[in-house]
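In the two assemblies presented below, subunit A is common to both, partnered first by subunit B and then by subunit C.
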Partner chain A sequence: MSVHRSAATSPRWSPHLLRRAQLWLMLAPFLAGAFLLIGLPTLLTAGLAFTRYDAIMPPVWVGLENFAAIFRREVFWIAVRNSLLFALTAAPLQVLGALLLALLLHPVRRGVEGYRSAVYLSAVVPDVAYALIWLWLFNPLYGPINLVLAAVRLPQPLWLADPATALAALVIMAAVRVGEGMLLLIAARQALPAAFFQAAMLDGAGRWSAFRYITWPLLLPWLLLLLVRDVVIGAHAAFTPTLIMTGGGPGYATTLLPFLIYEEAFGSLRIGQAAAMMSVMFAAIGLFVWLVFRRSGGWAQVDEP
Partner chain B sequence: MNHRQPFSRGRLARLGWHAAALAVAALFLAPLLWVVSASLQPVGLPPARTIGWFPHGVAWANYGEIFRLVPLAQQIANSLLVSVTGATLTILTASWAGYAMAQMPPAVRGWLVGLALLLLLAPTSAVWLPRYVLFAHLGLIDTYVALVAPALMGAKSLFVLMYFWHFRSVTPELFESAWLDGAGVWTSWRRIALPLARPTTLAVAVLAFSHFWSDFVDPLLFLKSPERFTVAVGLRMFQQMETTHWALLLAAVMVMIAPVILFYFVLQGALQRSNHPLRRSLQGG
Partner chain C sequence: MSLQGAWRWVIPGLLAGWLLAVSGCAPRPEPPLTFLIAGDPADEAAYRTLVAAFMAENPGLRVELLNIPSVRDFQRRLVADFAAGAPPDIFLINYRRYGPFVASGAIAPVGPFLAQSTELAAADFYPQALAAFTWQGELICLPQNMSSPVIYYNQDLFAAAGLPAPGDAWTWDEFLATAQALTRDLDGDGAADQYGLGVEPTLARAAPFLWMNGGDLVDDPAAPARLTLDAPASRAALAWFVALQTVHGVVPDAAAEASESSLSRFLNGRLAMYVESRRAVPEFRLIEGFAWDVAPLPVGKMPATLLHADAFCLSAAGKQQAAAWRFVEFANTRAGQRILARTGRTVPSRIDLATDPAFLDPQARPASSRVFLAAIPAMRSLPAMSTWLEVESVVDAELEQAFYGQITLDEAIRNATARSAEFLR
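Entry: the complex of A and B
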């Protein structure tokens, strides 16, 4: 200790400062990466939204023209509607599914790890592979889903080939991917003190009231966090399935915003308009996160699980 | 209590629970089993329109055929190069950042954790358009640098947080006293922190490898030459062939998901054996 004290009085770098500087150096790649790959691109999106840019000629400042242009285009509003429909159905279903599975699979019993793994496995499958697997599952003629429906004499939709069911099919395949949410909620449920439930049982509470008055309110912050996560990530993650499975069709039935942005930027080389669309999407997601954050009074409870 | 009686209430309830859990597990495993079965159907025959596992016999040859139809071996090599490089860099940068974060004063630490959590909510796929413009200006299009670049920030801020949580839970005084003993920051990172964090490193290695292996959007946007394609974008080659080649497409899908699933079980087994507190939380990521 005394060695460092005396060194600290020297005019050169004190060991404390040197140590702090070295720690910042260790953080440098992370901070630089976060700035270069997330921060700067986000700012760049906002900037490009006000320019006409085709990736060949330098960008030209056009003010609000891009926003005026996309708001006039019908396909933009179709994509907004589809994206809202998708996010507002898939994400709540995903959270509900994760909650039901967590309630079923949270007890520590023999074999439970195997059951959890079986559910979690679909979350491990890469997005492209997942999309291709579902493309085949939804095949109207040979796909297992319709073969099973035919076997039990239920109507067999054309799924991705029918504008009326295509978006619903994408919602179904997104909603059943609940592995991560389930594990998070299992961990949260197991962290609830058993004494609460024992006390409730002694007071004669049934299973439903134990859920209604203990589990549900205590898990609510986690459910909100999951919902926000699923909406935010789902809004972007829907890109791969639309590209692989439907190409935005039939018609514009599954044209979601990320797919339209991709088409605008890399198909039509209207990067300015694509950036304007992306800015609108960012703003909408930011507003949604902020609203949930305000309603829930912050997530102080969940920042260090 | 009464668990010796054959038909006690508790026992019935337990049986009912197992039945429900088994049904759920079967429902979730069914698509994967169907894919295995469909990938082994002989090519050229009309696809079966009945439910049956192997109506036309088992065609193991499909798994050889896919390597002849498409440069799959090359794509696997490319994917391995990207994933191994990406995972290695991720372990370095994420463990540095997590280690440094854990030793910052509380105010700075809170700010950094907040930043990492914010980054968790900003999915990287949201910024691919400006990234493309940026990479194009830097001349990084059609190079693997564009694919591996996210490893600079620990690939996903979750990995940084995993190291941070680990180093916070492991006696902060340990690093303090190592420093007082004259060990520099880098020495104690290498000699003390990394060996302590071995389970976390295993988890980050597996998750980061899977992340880079599964990455589809980045190679789709940033790679131009077919000989540089990774397996993820290579799968589209099968899709763009005739539609009757379902068996071959699904065989290629199986080849792509096999290592990811294998690594998941390796990780789960290792964490179970070490019974590490991170076990639950990181499976949630």
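Entry: the complex of A and C
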């Protein structure tokens, strides 16, 4: 109604234009924030990647030298390998865990809210607190994990203190944080029409068949979305635990790219090289998302049968 | 708009204009000098006392002390401040960490200020400390203290084991035997509950032993091009150092250290000897459960130890350098250094304070503070170069794994030599 009236008072504004203007107005705070906090730093980083810059003297243009330098460095490739290993193991485990819990907790039952809240709680704990909790859980002598393993006479790894198990410990820690994914999948599962399942049951389909032929294919776009999100987040979100729990060690066992970039920039004052690493990581993630997008034919989900 | 309406704006307007004019004319006080340190609460208290004493003597000057408790965070803060164009006027930094800042011209050398000072002279300070802060022939920062690693030991555990106090010239073998006698499995479960020794598996801690054995860390300390940890004398010393854990088990292993740090074990009376510089004293003075003292490092083929020193540096971009120098000057007079020495934190860099009761107070622990003074003639510095800290961190990453038996010593040396090459060119 109000659209028509304002259109009548100012003839140059057609309802269509007005609606677009409203949309842009509502988008503006987000766009401003995104530009200031993401766009601008990205542009600056891309620019710094071509300079030698130590934060004290003004940047000096060096062309592609930084990229050549980081590709020559062994520790860069170690960090790339660690980051890939981390993101590609933690993300699928996270999605799988979220799916299992969503299927378990989606039916409306007495007390199910309590279980859902308990699972979601891990998503609300601040990163630093989460890291400190796990530092205690992984304590090789007094930590509950190893005490349980000792009680059932299983070998007790040194977890974060051993280069062979440190990265696996970080993966475990990331993989059990499934609260958000679970919430999303519960919503997705509840949106599936009950008629499908009733029809299948009339045809004599068991639980497994119902999951295999109905739930799984219909949830697949959601799972893919979650997987991509977790890979992308996993590629840089492991920064806090590495900083607080391992410092990238023992050796370089948990030196992930974000941690190396931070050390290069603020520890070694090679901000140019750090920016080059950041740009490479940014480009790789962009490429990955684009490829998945292409392969999956877009994110659009057809709800209508 | 009515006239009355217009008048409503005139009076506030005049008032605002008057305020602006007054604030423009009034002499604006200088902003306070900013002084950045990295220390524990005891350090901070000591520097607050120093700052208060300075401001009492110089009523026109204000100093704002900022303490960043962790050394790593301190470095990041300093970089961020420089990047933002707002560095602290004065900062206190270790000579192993100041290289990148000197190399990029961030520090205004104190040499010219010292040369013109009527309060201080270069001859007041230990030459080893001045040398550590001299870059290409120029004195960059003014050293505030000079320390070296020593053995802090639990006198009660020594007495309980029937061991005499360590002598002034104990050997590596005697040291090891002592550590073995003090490593105990008290409940008979096959795992040690009390350890003889705690030492960080780092190059800085191992360096004195390499030097004492006639080895060195690099080919040319003045212009290092390569690590020489694989040279026979260096390797033998490293092998002895690593064997303290891998062979003799007198130091907590990886699991034990990850579960409870050696420092915590020492503080709780379950670790007999702990290697640390003078900086541990304020914290150890809070120990109530047992008596403790310090002993020198065990002696090798030749005397050698590692210099630890912090100095006051002035930012090149500081707008009040003369005032900042006055603070640094005051802090390094007899009176200024006595304030810091009394906290136990520092071994003064001033020669005339070495025998001063502020440092050698017979009532305050450690009773054998002269151990720090006796070490001075044998002090050596780590190479002065902008990338030295990175060389250390590369070596530390490997040495730690060798120390805990996760890789062999030769593997560690090979990796460290290869990976440090890019920082030594």
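Just so it is clear, the second predicted complex is superposed on the first by the 272 of 305 C-alpha atoms of A that agree within 3 Å, B and C clash if a C-alpha of one lies under 4 Å from a C-alpha of the other, contacts with A are read in each partner's own complex, and residues count from 1 in each chain.
By our rule, contacts are C-beta pairs under 8 Å (C-beta built on N, C-alpha and C of every residue); 3 or more make two chains touch, one makes a residue touch a chain.
Here the structure is a predicted model, which means the values were calculated and not measured.
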Which of subunit B and subunit C A:260 touches, first, second, both or neither: neither
Touched partner set for A:57, first subunit B, second subunit C, both or neither: second
Residue contacts with subunit A in the superposition, subunit B compared against subunit C: B
Which of subunit B and subunit C A:166 touches, first, second, both or neither: neither
A:187 touches, of subunit B and subunit C: first, second, both or neither? first
Touching partner for A:95 - first (subunit B), second (subunit C), both, neither: neither
First (subunit B), second (subunit C), both or neither touched by A:33: first
Which superposed partner A:250 touches (first subunit B, second subunit C, both, neither): second
Partner chain(s) touched by A:237 [first = subunit B, second = subunit C, both, neither]: first
Touching partner for A:129 - first (subunit B), second (subunit C), both, neither: first
Set of subunit A residues, in rising order, touched by both subunit B and subunit C: 55, 139, 141-142, 266, 271
Touching residues (chain side subunit A, partner subunit B) in the complex: 1, 3-4, 19, 22-24, 26-27, 29-34, 36-38, 40-42, 44-45, 48, 53, 55, 101, 104-105, 107, 109, 111-115, 117-122, 124-129, 132-134, 136-137, 139, 141-142, 144, 147-148, 151, 176, 180, 183-184, 186-187, 190, 228-229, 232-233, 236-237, 239-240, 243-244, 258, 261, 265-266, 271, 274-275, 278, 281-282, 289, 303-305
Complex interface listing, subunit B residues touching subunit A: 14, 17-18, 20-22, 24-26, 28-32, 34-35, 38, 47-51, 93-94, 96-97, 99-101, 103-104, 112-115, 117, 119-127, 129-134, 136, 149-150, 152-154, 157, 160, 165, 168, 179-180, 182, 184-186, 189, 210, 213-214, 216-217, 220-221, 232-233, 235-236, 239, 246, 249-250, 253, 256-257, 260-261, 264-265, 268, 272, 280-281, 283-285
Subunit A-facing residues of subunit C, complex: 72, 75-76, 79-80, 82-83, 100-101, 104-106, 254-260, 387, 390, 397-398, 400-401, 404, 406-407, 418-419, 422
Residue ranges of subunit A touching subunit C (in the complex, touch as defined): 54-57, 73-75, 139-143, 158-164, 249-252, 266-269, 271
